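I have a structure here, written as structure tokens, and I will follow up with some questions on it.
Each chain gets a letter, A, B and C, in the order it is written, and its residues are counted from 1.
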Amino acid sequence: MTEFAAAAMASGAQLRLRQLTKAFGASQAVDRISLDVPAGAFVSLLGPSGSGKTTTLNLIAGFLTPDAGDILLDERSIADVPPHKRNIGMVFQSYSLFPHMTVAENVGFPLRMRTRLSRQAARQRIDEMLALVQLGHLGTRYPRQLSGGQQQRVAMARALVSHPRLLLMDEPLGALDKKLREQMQVEIKRIHRSVGTTVIYVTHDQTEALTMSDLVVVMHQARVSQVGTPRVLYEAPANLFVADFLGDSNLLTATIAHVSGDELAVEIGNGEKIRAARGTSAAAQGSRTVVLIRPEDISLTATDERTAGQDVVAGTIKDISYHGDTFKLDVALGADMLKVKVPRERGAGMERGQKVFLTWNSSVVRLLPAADRTSDASGEDAR
Amino acid sequence: MSATAGRLGLSAAVLAVLIYLIFPVIVVVAISFSSGNFLVFPPPGFSLRWYESIAGDPEWVNALWVTLKVGSLSALIAVLLGVPAAFALVRHVIPAKALLSALILCALVTPPIVTALSTYLFFVPLGLVNTVVGLACAHAVSGMPFVVINTSASLRSADINLERAAVIHGAHPLWAVLRITLPIISPGIVIGAIFAFVHSAHELLVATFVLGGVGKPVAVKIWSGVQATSDPTIAAASAILIGLAIFTFASAAATQSLAKRRTA
Amino acid sequence: MTALAEPRAAPLLRPALSSRGRMLPALLLLPCLAWITFFFLAPLVLMCWRSLASEGFSLEPYGVLFTSPLFTKVMITTVRTAAITTVFALLLAYPLAYALTVSGGKVRALILVFTLIPYWVDIIVRSFSWLILLGDNGMVNKALMALGIVSAPLQMLYNPFSVLLAMVQILLPLTTVTLFGAMLRIDRTLITAAKIHGASEWHAFRTVFFPLSLPGVYGAGLLVFVLALGFYVTPALLGSPRETMIAQTIMVEASQLLDWPQASAAGAVLLIITTSIAAIYNRYFSLDRLWGGSDK
């Protein structure tokens, strides 16, 4: 876990969700979600649409009232506190800047509503905030005169001007194009480090979540699928859904062939046995399981160059696509199809129909539970 | 059948239907400016005498005043009651929403004679017959659907996050509705109010029963005139109502473009 | 499922809350519904009550109604007129609505304006204008005689023809707009797909667009029929006594004969008919869809 500046701890609130539940008619939007967010952390709620992440955010904000459960800010329950009294900042996907107010007036809005700062003091705060988001010279403009990225920065300044201890962000970069999105991601992180407030960031873009967050909460079908740092989620997913949702993955159904101490071997579709990392899952010989191998962890050679301690399987290239810095190949292994990602020089000589040898470190072969409440019901192979 | 032949056929049909729709309106307006005595079209010459006779006739002027009073009051009531209802229907989850919607709209599909008769029977013991207020209250019922429909449409297309942005940053929810959302949806409200007003100005049967005597509105006066005399005064009065319709139409369009310019 | 730090205390389950939140929609709707109940529903109930109780409870007015040959004739005339009006209104509105659907922005706006302006002219005026046009000295007769088609003016007024002509014209804007709304919801890419696979313009229309538009046609038809049933001004002004429709009968009973129970009974019958039809409409099409409400 990344370290937080002492100052950050002081200016961000600790957030706890306890068995938060919300249904709309017959459909369960949020199902008994519990979460502990450390003070000052940048936490992403990541998931496909319909997973409940926006509903959760709206519950934290107070726009929706929970059917059951509690929300605690700095150990004090706020579930009964109306949204305008929660002292939270929020940024929306559509920026939601007040069109009839100037940038400075927009940013100063929370001060007018929440505080009794003198005009001078307010002016100073507004200037501070505008400087923080690097828009100091645009105070007298109107929102419609600004670009999308600038408007979003004004929205951030407005959200932070009254020094809230919690900042909510609802897919704020969804309306921006790729280049601008990446720039803004860096901006947002920089601002977060300066201000130190706790951030809850909703997104469906896993790259965004992985690059920006201290913690990621993967949500699926109204429940929390897994919570962890980006590395843990990517390299040690706890279930099928997380393994499949983050990054490219090869998911192979297999049967546990052999367990002894730290060693584990599974039998995959074409009958071959490969070694796997034990992980934390209980593994009984003969039981069905799913193994995860990331495409970039697989090495591809034209000839059998196996070294001791590595598993090698043979397959045939079914398809190759060029991605600039890498080649992505589909390699058939009996009934299974494996996705392999290789650097450009590696893939340059390969052709469709070619027989190749795949190899990897056994530590990258991870076991996943075969069937999971929080995963898609299919334990299908990748593709 | 080739595509162009079909297209030409369609255009011809459309044009014919449009002429069928518009022509009578043109006829009435033309006759109102007629210098002749009879209801003859095309009119023999141009004259403003029928408008002058209306302007000089205290009964007509009074009728116009009554129409204005009743129309404005009923539109006002429709707005005061209909706008909150629109908020409830659009923003909140309500059981039996479809049924409640239908209830609000059912005044529009009920035969006017039934509404008129029942309202009269109801008003007599209440002493509301022959009062401007009474008629306005009755007209407000049929004005409400227009306000609810148009306000709802505006609300649905308005960005709710603007209101939320205000609230989360400290504004009281009511303040946010009044100062942020209401200005944004005001074109919808205004259009609904205009529709309600025009509907009241045109309404005949309820007005006949409730206020058909001394202080009758224009629609009732036109109706009795149409059955009695045959001079173009009626046409002039009708043309005034047409002018009213066009004016409200134009103001509605102007309100729309003004609002668009402000939030562009 | 690993939470970063498992909650130390037992989960606090709180029951649903803020009664204020629950009450708000009701408070917003209440004034509107109360007003409608008081100024619209209550009178209707009263009217039905009056139809039953003149000197104590009695179904006599209904008895008179259903055995009266006059009433039967008027009802038949009303239903027949409304039905024919509906058919013609649909026939004329369909091409207009179709043109609106396929037209681009400016043309569409223009047609829409022309279609809607008459809607804002009141019924009396629109019926009245036909009086002028169709009279013995009216423009139509003058044109016909000038062209030599007839030698004496045709009697075009005070008959079913003039009533229908005016009623269709009056109901046309609403029919068109309703049909237009329904047609907009048809996925036009289906027609493009049909044409790509070899269908001619007409064939694509006949086999793809038209069947998909039928629900809209039925919906608009139901609506127009209900409205036509209640017409008063047009048949009164442009029809002869033989074309009397039910609204006129009720008016006479009420304002001239002052026979309240009888009038109320006729009103109740008319109300039940229109309410039933509107209920059928609502079941399949939802009233607020007419004006762009969200789909049920």
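In the analysis below, a contact is a pair of C-beta atoms (placed from the backbone, for glycine too) under 8 Å apart; a residue touches a chain by one contact, two chains touch by 3 or more.
What you are looking at is a predicted structure, and each value in this text was computed from that prediction instead of being measured.
**Student:** Just list the two chains that share the greatest number of C-beta contact pairs.
**Tutor:** So the pair of chains linked by the most contacts is B-C.
**Student:** If every chain is reduced to the average of its C-alpha atoms, which one ends up farthest from chain C?
**Tutor:** It is A whose centre lies farthest from that of chain C.
**Student:** Rounded to the nearest whole Å, what is the centre-to-centre distance of chain B and chain C, using the mean of the C-alpha atoms as each centre?
**Tutor:** Chain B and chain C have C-alpha centres separated by 17 Å.
**Student:** Give, as an integer number of Å, the spacing between the C-alpha centres of chain C and chain A.
**Tutor:** Between these chains, centre-to-centre, one finds 53 Å.
**Student:** Give me the residue numbers in chain C that touch at least two other chains, ranges are fine.
**Tutor:** none
**Student:** What are the residue numbers in chain B that touch two or more other chains?
**Tutor:** 93, in rising order.
**Student:** Give every residue of chain A touching chain B within the complex, in rising order.
**Tutor:** 24-25, 61-63, 82-84, 86-90, 92-94, 96-100, 109-110, 112-114, 144, 155, 158-159, 162, 168
**Student:** Contact residues on chain C for chain B in the complex?
**Tutor:** For this pair, the touching residues of chain C are 24-29, 31-33, 35-36, 39-40, 42-44, 46-47, 50, 92, 95-96, 98-99, 111, 114-118, 120-126, 128-133, 135, 137-139, 169, 172-173, 200-202, 223, 226-227, 229-230, 232-233, 237, 246-247, 250-251, 254-255, 260, 263-264, 267, 270-271, 274-275, 278, 282, 286-288, 291-294, 296.
**Student:** Can you tell me which positions in chain B touch chain C when the two form their complex?
**Tutor:** Within the complex, chain B contacts chain C at residues 1-3, 6, 10-11, 13-14, 17-18, 20-25, 27-28, 31, 38-42, 77, 80-82, 84-85, 87-89, 91-94, 98, 100-107, 109-115, 117-123, 137-138, 140-141, 144, 148-150, 152-153, 156, 198, 201-202, 204-205, 208-209, 219, 222-223, 226-227, 234-235, 238, 241-242, 245-246, 248-249.
**Student:** So in the complex, which bits of chain B are touching chain A?
**Tutor:** Residues in contact with chain A: 93, 159, 161-162, 164-173, 180, 183, 262-264.
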